[in-house]
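Chain naming follows the written order as A, B and C, and within any one chain the residues start at number 1.
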Amino acid sequence: MSAIGLENLSKVYASGVTAVSGLSLDVDEGEFVALVGPSGCGKTTALRMVAGLETITSGTVRLSGRIVNDVSPRVRDIGMVFQNYALYPHLTVAENIGFALANKGVPRKERNRRVREAAATLGLQDLLGRKPRQLSGGQRQRVAMGRAIVREPAVFLMDEPLSNLDAKLRVQMRAEILRVHQAIGSATLYVTHDQVEAMTMGDRIAVLSGGRLQQYGRPRDLYARPANLFVARFIGSPEMNLYQATLDDSGDLVLGSQRLALGGRPTPLEGRPAPLEGRAGRPVIVGVRPEDLLLGPGETTSSSGSGSASASDSDSASDSLGAGTLTADVRVVEPLGSEVHAIFSIDAPAAVDPDLTASAEETDDLLPGLAYNGVARLDPRTAVRPGERVTFRVDPARLHFFDPTTGLAIGWPGDRAPDQAGARADSA
Amino acid sequence: MADTLTRAARSHPAARGRLGASWVQRRDRRGVWFVVPFLLGFLLFMLVPLGYAVYTSLYTYRIIGGTSFTGAANYTQTLQSGEFWSGVIRVIIFAAIQIPVMLAIAFFFATVFDLGVAKFGTTFRTIFFIPFAVPAVVAAVMWSFLLEPQFGPFTRLAGALGFSGTNFFSPSLLLPIIIVIVIWEWTGYNMMILYTALKSVPRDVVEAAILDDTPLWKIIVRIKLPMVRSAIVMLIFLNTIGALQLFTEPQILASFYQGAVSLNYTPSVYIFNTAIAGDQTNLAAAMAVILALVIVAISAVSLVFRLRRGEIR
Amino acid sequence: MTVRTSRRERRRQARLEEQEQSIPVELYGLRRGTVPLLTALAFLFATFTLIPIAWILINSTKTQANIFETFGFWFARPFDFFHTFSLLFQNVDGYGTYIQWFGNTALYAVIGGVGATALSAFAGYGLARFRFRGSRVAFYVIIAGLLVPITALTIPLYLTYAKAHLINSIWGMVLPSMVSPIGVYLMRTYAEISVPRDLIDAARIDGGGELRIFFRVALPLMVPGVVTVLLISVVAVWNNYFLPLLIFNINTKYPLTVGLGLWSGRAVNSGDADLYPMLVMGGLVTIIPLIALFLVLQRYWRGGMLLGSIAN
């Protein structure tokens, strides 16, 4: 029996807007599940339905197996941390944390003890007499957590608790939250728009978009095997490079003017649409992660002989499969110190992101000569210059394929057709 | 960003004009002109009259001898006048009863509508606010008719309930009646202010309280009420200042029921009668100054209170 | 039929949407019967609020005798409404014509209200967006102005007028009404909130004169605050009794408040059978415009601005 169970949960507002549609997932006891997606994807609404702060249009919410649709949030035994902390401004930290206990009529001695315990877990012992306006953002966030944990609820709900903190504090608090989660051990449903937070904190991640669940699984699975274009774009930074391509009759990938031999063809997973074989001559969307574009030998001129760090990997890949190559024009080079980002353009059309028409900040109207459609992550010693034409090596086994109409994944890298010898274990 | 711009502009040598002022400072000085019209009016219609009143209060006009400087004589006369003080005490009693009752009703309904625990909230709120559009004169007239000692509907109602012969304008009932009238006039306005204040309480704080299983009365009294405390305090002060200056309602009632309202019923009425009916403008000036000082003192207390809590920048 | 249903539906929809904005009532854990009880209490107070208004509406149609003798809350023959209404246009007892008082009030209220709004908008903007020497001091002085009670100021004003021969001057009524410290405070607060400094600087860089920037850039952003101050100022002048009572002694200059006050006294003393109905009718006609103004401007008016005048 899971701690939290959502079955076909939907929320439609009076104005006709559908915030959540058919959401089903479960959170096991003691599990930390991250609910992630862009603004407006319905994740907060879903969380609030679990809390009971939002009415449910259809579907069920179960807590510890019990349907709680009509149960008041007062008695659902949940602790919630709000995005803006929602502390009682005129009460001290101690009173804030102990408020729920006071409501229950817990005697003062017992109440103080539990408040002090919760405060100690969060490092708030010296702040118990202060009021919220005298606290920093991080301290307030911890008080909000203290208020949630002091009641020892069965379930924790967190609504973007870190989004109001600065970047450095956020990294610190991520670890803090996980530490507290491990100490308390209750199931936690954690909402965030930051995929890094989700990836680093969640035992499992649920990606939402437009009110619908896109994929639900372990972080590594979502990264290695995104189920559709949305997840492929959303998880991972820099974003996966996606292009419109076609498969010709001989099973090669045609990307603009270039050709990529695929070697072994990815096999479909059960329930997925038509395998790649049936798609000869048809269009397909191909994705390659920035770190899977390797710079071929001869291009790394900064240190002779040592080669790029990826040389050994790519050598074995190219040996066994005959790695394909992609030629691209480098437009911008971003040296980050730990790696180099080469922003390039290849003469294949990028797969259009339907959401981009809405968000203006992603629309670049660069001058034509500077247009780009891909990013590669390269070894920091790589000497590449803007304006150069480079040849990337890419292991076809690391390509992702998506159906252009449905956006669903067709196959994942590393899957081998049954007739291919030497099936390599998925290293992802 | 604007500050950086300003700082940079101020320090750049080329920005300094001939008189040494940067273009930023010159630009800023032009802002004075925006404020000048108001300040001019403020000077002419607030400060000058006040000054003139103080000046006048220091003189006395006698039929024989004309106007002469009498210094503080008018002030001592006022402060020693039993009539003046009885008016003062009356408005204090008036304020002490009217304000809490009115605020209680206003807060009650503001809370009810804010929580949405009564139906037709928007309609009710509009209705309650209507008296704000009614001048005090008209309100006093309306209530005078309603409470007319012989024929008024309420008098008849009282008769039907067994209280025949009730005279709402008898000395014992007059002040309570004025209290009712003023409550009628101002509850809606106060309720609107409190309603807006309550609405600005962040929703998630109340949601957190719900998740903490807080009973409704506690949500209202322990969470929402303290968060609108500053609005309540200000309303108390605002209403007090208004109450101490009570004039229109007694004045109109006096037209209807001569004899019910004495000449010194409230300080403002007394000042008015002294100046107009009694033609003792100097004395009236002194009284006005005293009244102004008292009210300014009370307002100043509230101002300091708010400044300390950092509410005015 | 279809039109009526859809309008009702639309209102129901709007109410549902508004309900979704606030916390659902079920979460408060109320006992059954609390909502009807509270609705009943609200209804009681609404009745209390509307009784005088209903009375004045109904009794404006009655003759003097009927006002006193018939049941206060229902009509009676003869239906004298139009006759009484026409009397408002005449100078019945030599003490003034209602319609003239109405015109005066409208004049004072509009000029005073608009003037107050204009002065406050200018001053508020100037204090909010310019940092000149003394701007802080000026602001504190204005706050001090909030402290000065109106009634205590009026006698001095009267005395000054008497000295300066400004008695019975329209400007004597209108100009002081234009000085509204609370309006300045509200406008300054609103300008701070809704007119970004960057926008002004950008307009300056684009070469705009300060006045033009004020009218084209700042003022449009301050509209809700302007409407609120306008409303408050107009109401304040319309309802003002003490000041005009002192400074006007020619009845042709009286505003409605003073005129009606005059009639109150005269209705009791004189034997004129028309004065009572005229008083009632006059009261009714006085309050209709303001109530109508409120109802119309409800959409634009921000209750929050009223609050801003009281607390931050």
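As a working rule, a contact is a pair of C-beta atoms (placed from the backbone, for glycine too) under 8 Å apart; a residue touches a chain by one contact, two chains touch by 3 or more.
Nothing here was measured: the structure is a model prediction, and the numbers come from that model.
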(request) Select the category (line, ring, star, complete, other) that matches the graph of chains linked by touching. (result) complete
(request) Pick out whichever of the two, A-B or A-C, is joined by more C-beta pairs in contact. (result) A-B
(request) Indicate the whole-number Å distance between the mean C-alpha point of subunit B and the mean C-alpha point of subunit C. (result) 15
(message) Need the CA-centroid distance for the pair subunit A / subunit B, whole Å please.
(response) 58
(message) Among all residues of subunit A, which ones touch two or more of the remaining chains?
(response) 53, 73-74
(request) Could you list the positions in subunit C whose residues touch two or more of the other chains? (result) 19, 23, 27, 29
(request) Please set out, as single numbers or ranges, the residues of subunit B touching at least two other chains. (result) 207, 210, 215
(request) Under the touch definition given earlier, write down the residues of subunit B that touch subunit A in their complex. (result) 202, 204-205, 207-215, 218, 223, 226-227, 229
(request) Could you pull out which subunit B residues touch subunit C in their complex? (result) 1-2, 5, 27-35, 37-39, 41-42, 44-46, 48-50, 52-53, 56, 105, 109, 112, 114-121, 124, 126-146, 148, 150-153, 156, 184, 187-189, 192-193, 195-197, 200, 203, 206-207, 210, 215-216, 219, 230-231, 233-235, 238, 241, 244-245, 247-248, 251-252, 255-256, 258, 268, 271-272, 275-276, 281, 284-285, 287-289, 291-292, 295-296, 299-300, 303, 306, 311-312
(request) Using the touch rule from the top, collect the residues of subunit C that touch subunit B in their complex. (result) 19, 22-23, 25, 27-30, 34-35, 38-39, 41-43, 45-46, 48-53, 55-56, 59, 67-69, 71-73, 119-120, 122-123, 125-127, 129-135, 138, 141-143, 145-153, 155-160, 162-163, 175-176, 178-179, 181, 184, 197-198, 201, 204, 210, 214, 235, 238-239, 241-242, 245-246, 256-258, 260-261, 264-265, 268, 279-280, 283, 286-287, 290-291, 293-295, 298, 303-304, 306-307, 310-312
(message) Residue numbers of subunit A touching subunit B in their complex, please.
(response) 51, 53, 73-75, 78-80, 82-84, 86-90, 99-100, 103-104, 147, 151
(message) Per the contact definition, I'd like the list of subunit C residues that touch subunit A in the complex.
(response) 13, 16-17, 19-20, 23-24, 26-27, 29
